[in-house]
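Below: the structure, in structure tokens.
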Amino acid sequence: MTTKKLWDKGYAVDAEVEDFTVGTDYLLDMQLVRYDCLASIAHARMLGRIGILKPKEVERLVHGLNHIIDLWKNGKFTISKEQEDVHTAIENRLTDSLGDLGKKIHTGRSRNDQVLTALRLYYKDNLKECIALSKGFAAAINGFSAEYGGIKLPGYTHMRKAMPSSIGLWAGAFTDSIQDNIYLLESTLRLVDQSPLGTGAGYGMPLKLDRESTAKELGFSKVQDNPIYVQLSRGKFESTILHVLSQAMLDINRMASDLILFSMPEFGYFEIPSKFTTGSSIMPQKKNPDVLELLRAKYHVVVSYEMQVKGISGNLITGYNRDMQLTKQPVMAGFAVTEQSLRIAAHLFKGLKASKSNCAMGLTDDVYATQRAYDLVKKGVPFRDAYKEVSKKYAGKK
Amino acid sequence: MTTKKLWDKGYAVDAEVEDFTVGTDYLLDMQLVRYDCLASIAHARMLGRIGILKPKEVERLVHGLNHIIDLWKNGKFTISKEQEDVHTAIENRLTDSLGDLGKKIHTGRSRNDQVLTALRLYYKDNLKECIALSKGFAAAINGFSAEYGGIKLPGYTHMRKAMPSSIGLWAGAFTDSIQDNIYLLESTLRLVDQSPLGTGAGYGMPLKLDRESTAKELGFSKVQDNPIYVQLSRGKFESTILHVLSQAMLDINRMASDLILFSMPEFGYFEIPSKFTTGSSIMPQKKNPDVLELLRAKYHVVVSYEMQVKGISGNLITGYNRDMQLTKQPVMAGFAVTEQSLRIAAHLFKGLKASKSNCAMGLTDDVYATQRAYDLVKKGVPFRDAYKEVSKKYAGKK
Amino acid sequence: MTTKKLWDKGYAVDAEVEDFTVGTDYLLDMQLVRYDCLASIAHARMLGRIGILKPKEVERLVHGLNHIIDLWKNGKFTISKEQEDVHTAIENRLTDSLGDLGKKIHTGRSRNDQVLTALRLYYKDNLKECIALSKGFAAAINGFSAEYGGIKLPGYTHMRKAMPSSIGLWAGAFTDSIQDNIYLLESTLRLVDQSPLGTGAGYGMPLKLDRESTAKELGFSKVQDNPIYVQLSRGKFESTILHVLSQAMLDINRMASDLILFSMPEFGYFEIPSKFTTGSSIMPQKKNPDVLELLRAKYHVVVSYEMQVKGISGNLITGYNRDMQLTKQPVMAGFAVTEQSLRIAAHLFKGLKASKSNCAMGLTDDVYATQRAYDLVKKGVPFRDAYKEVSKKYAGKK
Amino acid sequence: MTTKKLWDKGYAVDAEVEDFTVGTDYLLDMQLVRYDCLASIAHARMLGRIGILKPKEVERLVHGLNHIIDLWKNGKFTISKEQEDVHTAIENRLTDSLGDLGKKIHTGRSRNDQVLTALRLYYKDNLKECIALSKGFAAAINGFSAEYGGIKLPGYTHMRKAMPSSIGLWAGAFTDSIQDNIYLLESTLRLVDQSPLGTGAGYGMPLKLDRESTAKELGFSKVQDNPIYVQLSRGKFESTILHVLSQAMLDINRMASDLILFSMPEFGYFEIPSKFTTGSSIMPQKKNPDVLELLRAKYHVVVSYEMQVKGISGNLITGYNRDMQLTKQPVMAGFAVTEQSLRIAAHLFKGLKASKSNCAMGLTDDVYATQRAYDLVKKGVPFRDAYKEVSKKYAGKK
């Protein structure tokens, strides 16, 4: 198997240094195999159209790349650490099977725009997946609300009983929030839906490429014209994605905070399905809401990924800097955490129960104080005076 | 002057505690005076329409509130620390001038939805200001590019000369990025353009209010229906605003990084206008790019504000928690920093110069290596081989 | 009043740019007046000893500087925005009263090492204040524990009742943690206790200064020898301080989280003193734990300050960069927030109560499950089997 | 192979949920095998001393645990995902080989204090490794300085030439900073050097254990007495470690920033060894400082890990919360990144060169302006006037 680096100049590279520079890219990049092949196919066809490759060559390259996609689908495509990344691995394999022709696929392209093209396709698919999962999560909440929505329970402010609320109102807050998350995901999808293919290393190519056609073939809604902006937008697109993911996670964090609290036996408003709880190695009586605690914590994990990208991106001059390679991992991890969390949260709502009797017990007299003040208002008392009147009742209490 | 708190129950509040809870709200809230009055006017009119207030009462309240706006415009409206916030200060003043009628303005409203309504109006205006300033910044860059855009200079990757670029290409990267920032600002404007007025303390009001009409009068494009979501969206809207501001600041950070480096006498590609530089107290020869250094640093300041809001918002149950009060300061500070930076950056571009001769000197032979490889490609050499051929020339060099 | 900048070269400085570069330094620096005067006194005396100044000159400078300290103590020293910072304001005033002699104080010194010296003295005093406040906080907790420590209540894990605990054990966790905070504060105090005076702008001075003697006079335990390291340690010292402050705030955050939860009427284990609660503008029955909520939130505020410094400090070459000026505000704000929070928290514990009866009610049967398993262990049953036996009892329950 | 969870109660656990809760613990925990065995050995011996286990039982357990250490050393110990973590894997294996006796090892212990004990031992070893690596890094810098330290070059402030400096002064700044890092690492080592073993799930054990003896056997310098503090210190210790690691990384970040800039051919002060550079896939002339760029970026990675822990730790009540499990990964990753970076950085300094001729060319006339002003000072001119005099020379220049 060929393991030549694309930029190999022949001097020895120390193994420890290689470990350091490659990092986990060769593992992460397994998620990019299909996207890189698709981009290469589009690129090869375009090279054919502009006369750099002959029709026969295009055909053989496309066939070879499709074959790699098939291998990958069947779990037979691997990237070795020596190959550094998916782009080298694919070019090596093409050269193994097609000889010199395999080398030609790199004409009119740099690893820079290759990486960015594969990542953009990956982002687009994953943003769509997050939208679908958000819809699924909202549907699960709606299903729960259809069964338990009518139950009344106290609404809290400052973690103190405030006014009457209902399971339906509570659930609706989250589905409304999810709608706004979907809006943010779709806005972000539109932002990143720009084709970087053909911008080379950030200063264009000394060849006249047909960027419109590759963008169209790959499903991008527009060409990202300025090659320096292509590089400058790395970090910006990634942190925007992570911000939006963090907001999906924030809803889950707040929802989990409610459920952990109000499923305490001291309240008992909610009942967490058994399979979302775990036991203790020492306390035989325990059923702990571990899944909810982890969902709560994972918000902070995604936020830290966003910060990582924002830290890495600052104080750099324009043009590619290798620092940017390190933004790949946090974005991929951010998608993985968010997608898994959305799935788990939807799953949880399918088994979640609300207890009518416990909620009713929670609706103690003080929850109706505001209502009582407004009864006086309806009789003509100014609200501030009605408030004073009703508040006397609670003066001695905590 | 009346300084009664809206929730005053009569027991002594320790001065140190008051200092702690009020914080700087009474200062920050000076930015909200007009917005809170406008919201109160809309609220009073709606109370008139639904029969809670008589037409004469509405008229007097509207007059009183407009008078407060006038006072504020003339620098004659103040908020004392004892009043805690703008809402109390306004209600106090209304009560001073209108007596019992002043108290009635609080009917059908909580300080919670009052705060949120004033903030949303403030956010909308400031987002619009950021859009206008972004356009102004792009125009300043275009002006600079019109004069110097044709100058060729080396493009860098990894902080090493890479390929030929031009001032125009460089400037265009930033204007394209600013276009995407404007897109993000507009998306965020649409997100926050929801009226929270009428949701009370987060669980609705025991009165039938006409929320559609107040939303319309205040220029909101829709009513934010679910009162729990109104509370839940605090933190989400604020961090989304700060994320977007941070991206405007990131462009400025990258632009400043370029200008600081390439205005070093060792390069001399750019010349910073004198008034954007400062001297040293000890070194007589210095003109330092302080303004650019501060612009660079302020990206991190805005990012930390975003983190502050994201940290505060996590692990809280739904319903209002006082923690959320602390999100007001970072958002206001974020707007202030970003707006000032956009202004300064635009200002700077009006005096910025590029040096044709220095840029030309930078265009050394190695910048054309890729071009040379592609010349071979055009003669039929596969790119990989052309690359090897050309690279021999540079083998012994750094 | 003289308002000449130390580096003034005579060209016009735009007002907007000045606003931008000065920022809030002229306000923040009011906290540094005394420190800067003390450092100047030590510097003047040293200049006398090495023969740069005559004894009479030293005497007059020392007298002038002491006079400025007196003015400041009496609220009569101000720094105008045009003066930019405390160092210019003091030198201007000295020059006003002493003429040319006033100018000589800057011999052998740069604003860089002046700023750093004043800040280090400020840090040392504030770290000591934090240590004293931490001790006061621990004493307040101990006072509370002396009265209520014997009360038993349930200990929780995963927010579920776990095993028996006591108020004393709970309080002791915090005093132990505060001991470790004091250890961290003292370690940090030792770290920053290095004199930067005499390192100029970061590359030493072309004069032979007696740095040991100024360090000694100012109470530094050592000279920070390498002038480049003096600059490099800016950001490092600041973020270390903020990290340690964030840990003091973390304890307060966790303590507040406990108190907010367990003072809910649903538990009633703790009772928050009235003056630490506030009411609602709409709900007459409410007493909200606002002070605790704000204490909880302020942890995140301090963490964001630490991040701000860490963001600003990265990706800069060695030697002073103006970016570093922006680290002043977050450190000062971090001290202010932490010191106020420690004071408020200590204050709160003086009025905090624990309810014996409510705690007793919380000690339901399941809290003793582990104890029961260990009773079997004492009879020879392996723990894992005892656990299984006892857990049967809770199998059907939530 | 046994794969029973320690808390297994018999109901089905959904595979997706298991994936979610286990996360990567079963992989991370491979680093804890030896530490957990050592803690179990100490625990078993203590159980023998207090009469819970018979001498023969202790002997067999110790033998079994030592055998597991041997297996692990030889790469023959694995943890399956079903086993969740190292603690279950070890207990399962003990039970497989020793039957009922294997179960007894869990007497007087909870998974909580087990995890914490293993982690503390791991932290201590890794902090010591960081200290050793820091010393190695300083030694490498000293080696470089011994060869090139005498070379003069310009010192920069605001990225502008300021005053004369030298390679030795520059290198010395880093070795001084590393000394302070070692001080911080040692302070942190003392902080975490407290034995949590014997505190159970956070509320002590219903058995009288001899905690002093296990602490001593495991090499802890003291017992962490309060069991609630043991839990509370999780997050605090971890974030303190990560803060200190971030400071070691900050030095590397700043050093890398210098080297990337000053090895640009435009300066040429430094020469990066070839094996620390990589090429471009498209530009034949390039040798890019990728290793330095990655070192620079990894500072932000470690900072984000610290933020992750700080975010996760806030707003939680005392007592264990599952959220805390997620602090394991960032600390381990923080150690891995920092240790690798320290190794690579030391390695780099062994091949780093400084160019005497390029440095000399950098020492242009303006670098001596301050020197010239001080020459006037020595002739009796007040510094401020000397400064004005010398600055005239540079008035017209950039």
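To keep things simple, chains are lettered A, B, C and D as they appear, and every chain counts its residues starting from 1.
The rule we apply is simple: a contact is a pair of C-beta atoms (placed from the backbone, for glycine too) under 8 Å apart; a residue touches a chain by one contact, two chains touch by 3 or more.
These figures come from a predicted structure and were not determined experimentally.
Taking B-C and A-B together, the pair of chains sharing more C-beta contacts is A-B. Rotating subunit A by 180 degrees superposes its CA atoms on those of subunit C, with the angle stated to the nearest 5.
Subunit B and subunit D have Cα centroids separated by 36 Å.
Averaged Cα coordinates give subunit B a centre that lies 28 Å from the centre of subunit C. For the pair subunit A and subunit B, the distance between mean C-alpha positions equals 25 Å. Across the assembly, subunit C contributes residues 9, 106, 112, 157-159, 162-163, 200-201, 261, 279-280, 282-283, 286, 288-290, 293, 296, 299-300, 303, 307, 310-311, 314-316, 321-322, 370, 391 that each touch 2 or more other chains.
If you check the complex, the residues on subunit B that touch subunit A are 9, 52, 100, 103-104, 106-108, 112, 155-159, 162-165, 169-170, 172-174, 176-177, 180, 183-184, 187, 190-191, 200-207, 224-229, 231-233, 235-236, 239-240, 243, 246-247, 250-251, 253-255, 257-258, 261-262, 296, 299-300, 303, 307, 310-311, 313-322, 370-371, 374-375, 377, 382-385, 391, 395. Residue ranges of subunit C in contact with subunit A, taken from their complex: 157-163, 260-261, 263-268, 271, 279-280, 282-290, 293, 307, 310-311, 314-316, 366, 369-370, 372-373, 387-388, 390-391, 393-394, 397-398. Taken in their complex, subunit B has these residues touching subunit C: 5-9, 11-14, 16-17, 19-21, 23, 87, 106, 109-112, 200-201, 274-276, 278-283, 286, 288-291, 293-294, 296-301, 303-305, 307-308, 311-312, 321-326, 330, 340, 343-344, 347.
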